[in-house]
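We just call them A, B, C and D in the order they show up, numbering each chain from 1.
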Amino acid sequence: MLLFLKILKAGIVTEPLAPGEPDVIEVAREVETKARRLLGRAVAIREVDAGSCNGCEIEITGLTGPVYDSERFGIHFVASPRHADLLLVTGPVTRNMEIPLLKTYEATPDPKIVVAVGDCARTCGVFRGSYAVVGSVDAVIPVDVFVSGCPPEPTDILRGILTALDRLPKRKRRRDGT
Amino acid sequence: MDATFSQLAMLGSSLMLIFGLILLWRRRVPAYINAFTGQSVALAGVAGATGYFGTESELYWVAAFVLLLKGLVIPSLLRRMGRRFGSERELDPYVNTATSLLLAGLLVLFGYAVMRPLVVTSRLPTRASMALAMGLILVSLFVIVTRKKALTQVVGFLMLENGIALLAILGTYGIPLIVELGVFLDALLGFLVMQIFVYRIHETFETIDVEQLSRLRH
Amino acid sequence: MAPELLLLSVAGYTAGALAALAFRGMVGRALVAAGALGGSLATLALGAWCLATGATLVFAAPWLPLTGFALRADSLSAFFLIVVGLAAAAASLYGFGYSAHYDGRYSLRLLGAMFNVLLLSLTVQVLADNALTFLVTWEVMSLSAYFLVLTEHDQAGTVRAANWYLGVTHAGFAALIAAFLVLAAGDMTGSFAAMRSVGLTPGTRNLVFLLALVGFGTKAGVIPLHVWLPMAHPVAPSHVSAVLSGVVIKMGVYGLMRVTLDLLGGGPAWWGGIVLGLGAVSALLGVLYALMEHDLKRLLAYHSVENMGIILLGVGAGLMFQSYGLPALATLGFIAGLYHTLNHACFKGLLFLGAGSVQYATKTRNMEDLGGLIKRMPRTAACFLVGAAAISALPPLNGFASEWLVFQTLMGGALVPRPEVAIGMPIAVAMLALSSGLAVACFVKAFGITFLALPRSTDAARAREVPASMQVGMLLLVGMCVALGVTPFLVVPALSRALAGLGRIPVTPIGFSLHLPFSVAGVTGEMSPLLLAVGLALLGVLTAIVLRLLADRRLRVGDTWGCGRIGQTPRMEYTATAFAEPLRRVFAELYRPTEDLSIDFHPKSKYFVRSIAYRSEVQPWFERLLYTPVLSALRGAAARVRQVQAGSLHLYLAYLTIALLVLLVVARWSR
Amino acid sequence: MTADLMMAAAQGLLALFLAPGVVGLVRWLKARLQNRRGAPPWQPYRELRKLFQKEVVVSRHASWLFHLAPFVVFASTLAVAVIVPVLAVPLLVDRIGDLLVVVYLLLLGTFFLALAGLDPGSAFGGMGASREVTVAALAEPTLAVAIFALARSAGSTNLGEIAARTTADPLSAVSPGHLLAFAALFIVMLAETGRLPVDNPATHLELTMIHEAMVLEYSGRYLALIEWAAALKFLVFFILLGNLFVPWGLARALTLEAVMTAVGVFAVKVVVLAVAVAVLETRVAKLRLFRVPELLSASFVLALLAVTSSFLLR
């Protein structure tokens, strides 16, 4: 009982679309329309941690929380790349994660998009030159969009997803990955 | 009229039985206490209904008394005890949960078989529910036998008492109020004695696991 | 026509048996199979003929020693002839191909001859019309089965299994002799007709029933008399296993129905209650032990115990309702039992043949070494899949039709105005439901681990599809599984006739018409497996068509998803043991598993493991609690008896003389 | 006759196309209870549409069974949806199958899905299959005894018959036997359709999965079929709970008015049950796998008590 009283008192904490930061709203709106057009407004994301420091993961987790609530745009995270439309890759690609990343990419059915999140994913960040690091994400799999930031805010990640969705129809033929 | 009463009595008794089964399913003391409270409220309801349909005005008093004593006083005392030993869960009973539940189901069936002759010969509209009351008594006994923590056993005892009261109300439409009162006071007294014992057990063994009592033999 | 058919079938089996002794190699196998096939088809035709026309075949040979030989085919015999004929036909076809790999290793002569003798004895068994015929054929059946079990005599465990089988069977046989002696009540002809009319006291009738229950129960593998079954059936050649599990154990059901229904004409309610209770316990425990097996054929053997339980649930409920004066419900119970008997013969026969094909192709029965066979032996896999779905009682196959009838019978039991019955019925229903649910789990395991994913050994990887004759044998039974499943409206009236033809019990003819109303007083429930099957097929095809039209058609082949790990090996797959692990935990109180885990760590760090050995066994506490005391008592007695054995010839002769004198004294002055 | 069959087809289609919406509704309600805005209830339709437009990736170790299973699962669940009384009783299709047929048809789907889980040889699939069949097997006795209780009071196992008899005797709907059977069936529903506290439908952690682990290998249109069938199974249980235990509002005759009423009442029942599931899922945590048998044995005891009390009230 107490639990439900508390739920009632808290109300909906998701940031509404109308007021609030103009940035978020704009991005969110765009995601909404783009996603609707391209994937029937249902985007399944598989997150791959290719060797990140987990800073980006914390921000990504924020996406699913009550405040950003990515689910309202039809964006949700799934347990298997077989179910996914979009790969969200974080961190520099370490040697141990190179093949798993590639395999994840292969396991994802077409049409698929890759969004690399965080500075490390593009430049390897402080890990550059380490013996354990293969390189940036695009050295292993084709990346559609990079999201910069260390770590990027959930808003930026949303924007990245949006941009990637934007690119989808232009890429007719894809490298099969095999 | 009788049909409705019969249904209501069945409903109340079934509810009480289910509250009894919660003791076997849950592992935390607050859940036990809530179950007991719910059961007592249901008992009060049955008593009230019997008073209304059987036109026994004394039963209203019984209902009120049950509500007050078992629905309020004893649960609050129990909660106070529970707060003190609340962290002790019923983790490792002698018979595991799934088996306990199945056995309890069989006990209820057994209660049904035992009460069958009475149910057949009786003309009371409450006759069907008496089998459930018997089932509740058997289940409560089962709880007392198989559970290790003193608090669980206390709640089991109280439920046993509820079962007996239910049987008395259904079977006789309430024994005279004064006897009923005596029984309640007895129960309260018994409860207080047990409470003291539980505190003593806890002081001596730092636990309320009654299995420890076997150490007293040495 | 009937006598000719009987003659034909006897001739077929005899020819097959003689051919086995006379010819070797390919020709021998072909002739054995031809003889057995001809005989079993004639058996099948005889059964169908008798059941269809209601004709009663009587054949007697009183000139034979003692009481003479007497055969009589009534409707119940006719039904069991059909069961024998069906399973035997498939098994003999299959046996032609299967026994090829025995050539040169084991005695094909013995195998072929004994197989035909077994089929002959089965055919005669259900026709027996006096005690002597019945008992002699019973013994021939048991002994030929014993020799067949011994075929692979050099394999570990075979001899032990055969000995267990022989011991338990003979204990049962002793009970049967006693039962018939009591039943005959001094009538030395031992004819069944005389037994039907003799009026026994209730106490004697109870004694006969209990003796018959023990005797037939050992044959049927009812728990706790089942111990020999999961040992003996797996070690026999697979087509023989199919006959043993499909037909031979059914003789227990036949005998029980013959004695209690026909000869005794029904009994008090507790007879039915005991049979029902044994059935429920056998059904549940049978499947529970099956779950823990990873020897494919042993798993199937335990399922035979389960299915005998289901059959007995039907028969027991029938007996019980009959004594409560509910003939319609009783008929339904018997029909359910008989239906399941027929169905079990088909799907269990099929499954044993399938398991045999697996063994033929991979040389192993251990599921932990199998896997991936669906790609290497697609037809065997498809056949086994049908059998697995049928035994799991999945609609619209035959297992479902008969289990549905058993369920309906038991639910009808709520009508009986006795509290113990009213309490017992829901529990029986629950046990049946649990066992059928567990059967699904068990056959997902059996099929999934054996046929799917990657092969777990090189033998499994090298497997090839089996020869055509074996496939035909399996296909025959696949066809029967489907046909029996969708046509209860034909089968149920036929079974109703089989019971009514007995003429000993009040039987209400029960119809099960295509367009559905199926009702007995108190039980109403309707279903139409045929429409269901058509509907399912239609919906499936429709879905496929719609999908083809509207959905994306791209398909790409990739690796199995395993979180991106490199490569996929069979060691990553779920094993049979792992698959059953959750259920083993749930029923730990029953299994009391012993576990033994030893890990060999790397000497430098315990984070690196060199090898892990895990061993877990389920305690067979039946054997320990029930059989060990009996056996040790027997041994003790034997030791005591040995004291009389001194090795002196004179002493033995003295024993003989004393025995003779005592007998003469008894014979002279006993009256 | 024709109207009858058309009605059957119509209610089957209604169930089929309503099912994803019901799952979406529960998700939306849960989102609201988590103080989120959430995806609208029609979100599952979008997901299905997207999945139908995607490519299928199949493991190289999978066999024909992997391709067959989605169709078997879908067809068997759809067959159940045709049999159960959604809007009107009694219909002719009622006689194709009774409650036992419903239970075993659902089991047919489980059987094939579990096999498909084992087919690609992934450990996750094996784990999911093993757990799914365990839960399904343990739920079986409860289902059977609950059916026994229903059949006992209605005198039939046929769905239309049960609904019709309960309507005729309104008092029996509040009888303890009825309520207990309802509770038992509700728990079984949670177990069979993979809801909390038995299985978390939104989990991403393979080790805690039951249903989800079996279908990890599926993608594209196959996944769409399986997800749709799962949603339909969920709705089928809603229909059983709503229309067998509270059969009021079902159309007794095929008039427009009666059918429209039935649609309205049916919608109310579905919403009420969806709210109940959503609230329950917010309130309880997932049980450890080995406490699930305890939950199921509790539901079995409830069903057993239901039968007992139906004997008592005779």
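Keep in mind that, in the parts below, a residue touches a chain if its C-beta (ideal position, glycine included) is under 8 Å from a C-beta of that chain, and two chains touch if they have at least 3 such contacts.
These numbers were taken from a predicted model, which means no experiment stands behind them.
Does A-C or B-D have the larger number of C-beta pairs in contact?
B-D
So which chain ends up closest to the centre of the protein, judged by Cα positions averaged per chain?
So the chain nearest the centre of the shown protein is D.
When the centre of a chain is set as the mean of its C-alpha atoms, what distance in Å lies between subunit A and subunit B?
Their C-alpha centroids are separated by 56 Å.
Centroid from C-alpha atoms only, then distance subunit A to subunit C, rounded to Å. What do you get?
Each chain's C-alpha centroid was found; their separation is 58 Å.
Let me have the rounded angstrom distance from the C-alpha centre of subunit C over to the C-alpha centre of subunit D, please.
Each chain reduced to its C-alpha mean, subunit C and subunit D end up 35 Å apart.
When you check subunit C against every other chain, which residues touch at least two of them?
In subunit C, residues 419, 423, 427, 554, 556, 558-559, 561, 563, 586 touch at least two other chains, as defined above.
Counting only residues that touch at least 2 other chains, which ones in subunit A make the list?
Residue numbers touching two or more other chains: 80, 82, 107, 109-110.
On subunit D, where are the residues touching two or more other chains?
Correct list: 53-57, 206, 216-217, 220, 293, 300, 304, 308, 311.
Which pairs of chains touch each other?
Taking the chains two at a time, the touching pairs are A-C, A-D, B-C, B-D, C-D.
Could you list, by residue number, the parts of subunit C that touch subunit A in their complex?
Answer in residue numbers: 554, 556, 558-559, 561, 563-566.
Residues of subunit D touching subunit A in their complex?
It is residues 31-39, 43, 46-47, 49-50, 53-57, 203-206, 209, 212, 216-220, 223, 279, 282-283 of subunit D that touch subunit A.
Which of the residues in subunit B end up touching subunit D in this complex?
For this pair, the touching residues of subunit B are 3-4, 6-7, 10-11, 13-14, 17-18, 21, 25, 97-99, 101-102, 104-105, 108-109, 112, 119, 128-129, 131-132.
What residues on subunit C touch subunit B, complex-wise?
Per the touch definition, subunit C meets subunit B at residues 419-420, 423, 427, 586, 589.
For subunit D, which residues are in contact with subunit B within the complex?
Per the touch definition, subunit D meets subunit B at residues 171, 174-176, 179-180, 291, 293-294, 297-298, 300-302, 304-305, 308-309, 311-313.
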